[in-house]
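I've put the structures underneath this note.
Both complexes shown next keep subunit A, but they swap its partner, so subunit B is in the first and subunit C is in the second.
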Partner chain A sequence: MGTREEMLAMLRMMMMIRNFEETADKLTLRGKVSGGMHNSSGQEAVAVGVMSALAPDDVIATTHRSHHHTLAKGFSAREVMAELMTKATGVSKGRGASMHLGDVARGHFGGNGIVGAGMGIGMGAALGIKLAGDKKVAVGFVGDGGMNTGRTWEAVNMAAIWKLPLIVVVDNNQYAVETFIERVTAGGDLPKRASGFGLPASTIDGQNVLEVKDAVAKARDFALAGNGPTFLNAVTYRYYGHNVGEKGQYRTLEEIEDWRTNRDPIDQLAARLFADGLLDQATFDEMTASVEAEIKDAVEFAENSPNPDPADVMLNVDSGKLRG
Partner chain B sequence: MEEVFIPALGMAMEEAYLEKWLKHPGDAVNAGDVIALIETDKAQVEVACETAGTVGKHRFEVGASVPVGETITVVLAPGESE
Partner chain C sequence: MASEPTYSEAYQSGIREEMNNNPKIFIMGTDLQERGGHFAQVKGIAQEFGGERVRDTPISEAAMIAAGVGAAMYGMRPVVDLNFMDFALGAMDEIINQAAHIRYMFNGSVPLIIRATSGIAQAGAHHNNSFESFFAHTPGLSVAVPGTPWDVKGLLKTALRADDPVIFMMHKKLTGMRGPIGGPEDLVPFGKARIAREGADATLVTYGYTLIPAMKAAETLAAEGKQVEILDLRTLFPMDMDAVIEAVKRTGRMVVVDEAPLFASITAEIAATASEAAFDSLKGPIVRVGAQRAPLSADPGMVEATIPSISDIEAALRKVLSY
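Our next item is the complex of A and B:
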């Protein structure tokens, strides 16, 4: 399970991500975020559970919905918020916006707007790790929608035959825009589908951060021992629309309310820590206040940061070798 | 005081057409009440408030093209004024 400090850190990280997302949602509606934004509220335990089991050097590759992964990986609220506002101080120097957060040097191989592509990138990272003989793993995140695109399974297949140190994590919020997973997933059972490639595969409770952490820790040991990939289907739920501003009518308010009140990942961990005597009200209030201050500071930092210099427009577009 | 504004609803949305005011200065409103109807490139959208209170001045007239993020009116809590 981990020490008290580790568990409080997980709780605080989930609270920070929630506050970040709800704040960023409002800023997006106000027109301050360019390029669209996908709110991950409700899915914090998947991100925090995974990152808590990884070492700092381990690599992740993610999707269009990646703020939670990025913050949990250790990127600051300041640099992520600044990137959402496409400021020069952002993670990607203001050139990527919400969907292209990443920094290869820090083991984050990026988010991207192509459904399923994160898996291919994660698999490539795992191949690189294996070729270099490094003692680390790569995590490829994919959504439930990405479970029904071919490239995902090409990557799983290669990882399996080459025994690559890859952990496939389905951030399964059960909807691909307005499409409920059960309507489009033949066979209905994702781990069963993955098992066909001969790798360990299971469904885990994506609202239980400790369960996610344990499952990823096992998968990591398995990969480091040279046994190859693991497939984890983490069932979770997104509280907001697919992208900010979307108010679809494809699910009931009762369903959303049920997940929010009965299965919220933050509430569940807090309740458990209170019950185990590891958390008291004063500490919890202090954490809430410090998270609020951190996000407020991040917004101020982002708003006061400069835009990228137009003179640098060609920077990082290509290798630079073709220009004089 | 809650600012009621034109929400950015799409990646390329820059402004909206103010089609109709459903609540007027001095009207009492509840959280979730629709204050105005706007039209984007793609759809008609209801702009609702999040808090209860009294509607303030209309800052734009019907027919105006209002930039994204711009406040169109406010909802005043008891005792507040514009």
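Our next item is the complex of A and C:
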């Protein structure tokens, strides 16, 4: 389960992500976020559970909805917020915005504008790790919608035949835009699909950060022991629309309210820590205040940062080495 | 005397030397280990380097390229061998959206080579596409189109020592072509065209297999007293536009030939750029020769009707020589 410090750190990270997303959502509505964004509120436990089980130099590759993964991976609220506003101080130096957060040098192989593409890159990173003989793993995130792209299963198959140190994490918020997963998923059961490729596959409670962390820790050990990939279907829920501003009719307000009030990942962990005597009100209030200050500072930092210099538009298109 | 190596053997030689020098280089693709690839391009390499470094993959083009992209980002130097360039279509997102765009956004390089045999030979519409222009069109990609064994080896070595995604297109009809190859440090730079034939009266710009019909056409014109210079581009991106422009200034007459559909092609790029840069040196319009914009038929007569013939090239040369 972890020490008190670890648990409080997980709680604080989830609170930070929530505050970040709700703040960024408002900024997006005010036109401050270029190209809009995908809000991950409700899905914090998947990101924080996964990253809590990883070593800092493990690799991730992810999706269009990846603020939570990026923050949990250890990127600062400042640099993620700055990236949303395409500032030169952002994660991707202002070239990516919300969907394209990434920094290869820090083991973040990128968000992705293309559904299903990130997980395959994670699989490739796992191949790199294996060939280099390193003791690391790669995590490939994919959404429930991404479960129906053909390449997802090409990548799972390849990871399985080569026993790559890959953990496939389905950040399964049950909807792909307006499409409820059950409408489009033949067979119904994702781990059943995955286990056809001969790898351990299970569904986990994506609202329970400790369960996610445990499952990923096991998958990591399994991979480091040379046994290959694991498939984890983390069932979660997004509280907001697919993209900021969306007001869909494809799900009921009752459904949203039920997940928010009865299964919220932050409430659940906080309640448990209170019950176990690991958290008191003063500490919780102090955490809330410090998160608020952190995000406020991040927004100020982002707003005061410069945009990339348009003179650099041709910089890093390629290495230049082949152009003499 | 042992005969000179083939185009495929030149590739083997280059990859073997570089794999010996750099343990990070590995190859993956279908049917590489036993068969040596569909064009014998890696024949014997698996026997020398083992199955970890010459990996037989499932027929999963998207996963093959994704594996290459991720491994390259991690610091390895993968060569993904698609056998036929046509099969890239199953991995087009991985090539264009991923491999080509990562450096620009994510502070890392993607030293990935995608090798495939390309060009028009036989077997119909699914094995004879000419994709040069869309790869050259894509920011982030470099494109090599070697026309000789020497260039296969030298360009491959350069690509394997650089840091960028490279599309390495080898022409089907050159597979068995013999010629000299360089030694371990005879690298051929990208973006440097080669004068394949000297001549003062007109310049013909081409690359890859088309060098052969171009050379024949030049011989015919030589018999008529006209000397045609032939420029072999060797890489399409970077492209040696300086060499093209200098040639325009030298001869004032230019024909550009390849076997891709003429519309929106590499030949169009060359003609447009050279005209803009050296209009005053031209004695008349640059003439382009290419294929009709039709899928490739499997019938030999239909193929002939689709792609340029030697006499089409000769006619174009006669036209510019008439200015």
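Of note:
FYI, the second predicted complex is superposed on the first by the 321 of 324 C-alpha atoms of A that agree within 3 Å, B and C clash if a C-alpha of one lies under 4 Å from a C-alpha of the other, contacts with A are read in each partner's own complex, and residues count from 1 in each chain.
Heads up, the rule we're going with is that a contact is a pair of C-beta atoms (placed from the backbone, for glycine too) under 8 Å apart; a residue touches a chain by one contact, two chains touch by 3 or more.
Owing to the predicted nature of the structure, the values given are computational and were not obtained by experimental measurement.
Once the two structures are overlaid, the count of subunit A residues touched is higher for C than for its counterpart among subunit B and subunit C. Once chain A of one complex is fitted onto chain A of the other, the partner contacts of A:Gly245 are limited to subunit B, with no touch recorded for subunit C. With both structures placed on the common chain, the touch criterion links A:Lys218 to neither subunit B nor subunit C.
With both structures placed on the common chain, the touch criterion links A:Ala61 to subunit C but leaves subunit B unconnected. Contacts of A:Thr28 after superposition: subunit B is touched, whereas subunit C is not reached. Judged by the touch definition given at the top, the superposed model places A:Arg260 against neither subunit B nor subunit C. Of the two partner chains, subunit B is the only one that A:Gly36 touches; subunit C does not reach it.
In the overlay built on the shared chain, the residue A:Gly96 is in contact with subunit C alone; subunit B does not reach it.
Of all the residues in subunit B, the ones that touch subunit A in their complex are 5, 7-11, 67-69. Considering their complex, residues 59, 61, 92-93, 95-96, 100, 102-105, 108-110, 112-114, 117, 120-129, 131-132, 138, 150-151, 154-155, 157-158, 161-162, 316-319, 321-324 of subunit A touch subunit C.
By the touch rule above, subunit C contacts subunit A in their complex via residues 24, 26, 52, 55, 57-58, 60, 62-64, 66-76, 93-94, 97-98, 102-109, 139-140, 142, 158-159, 162-164, 166, 189-192, 235, 238. Across the complex, subunit A meets subunit B through its residues 28-36, 244-246.
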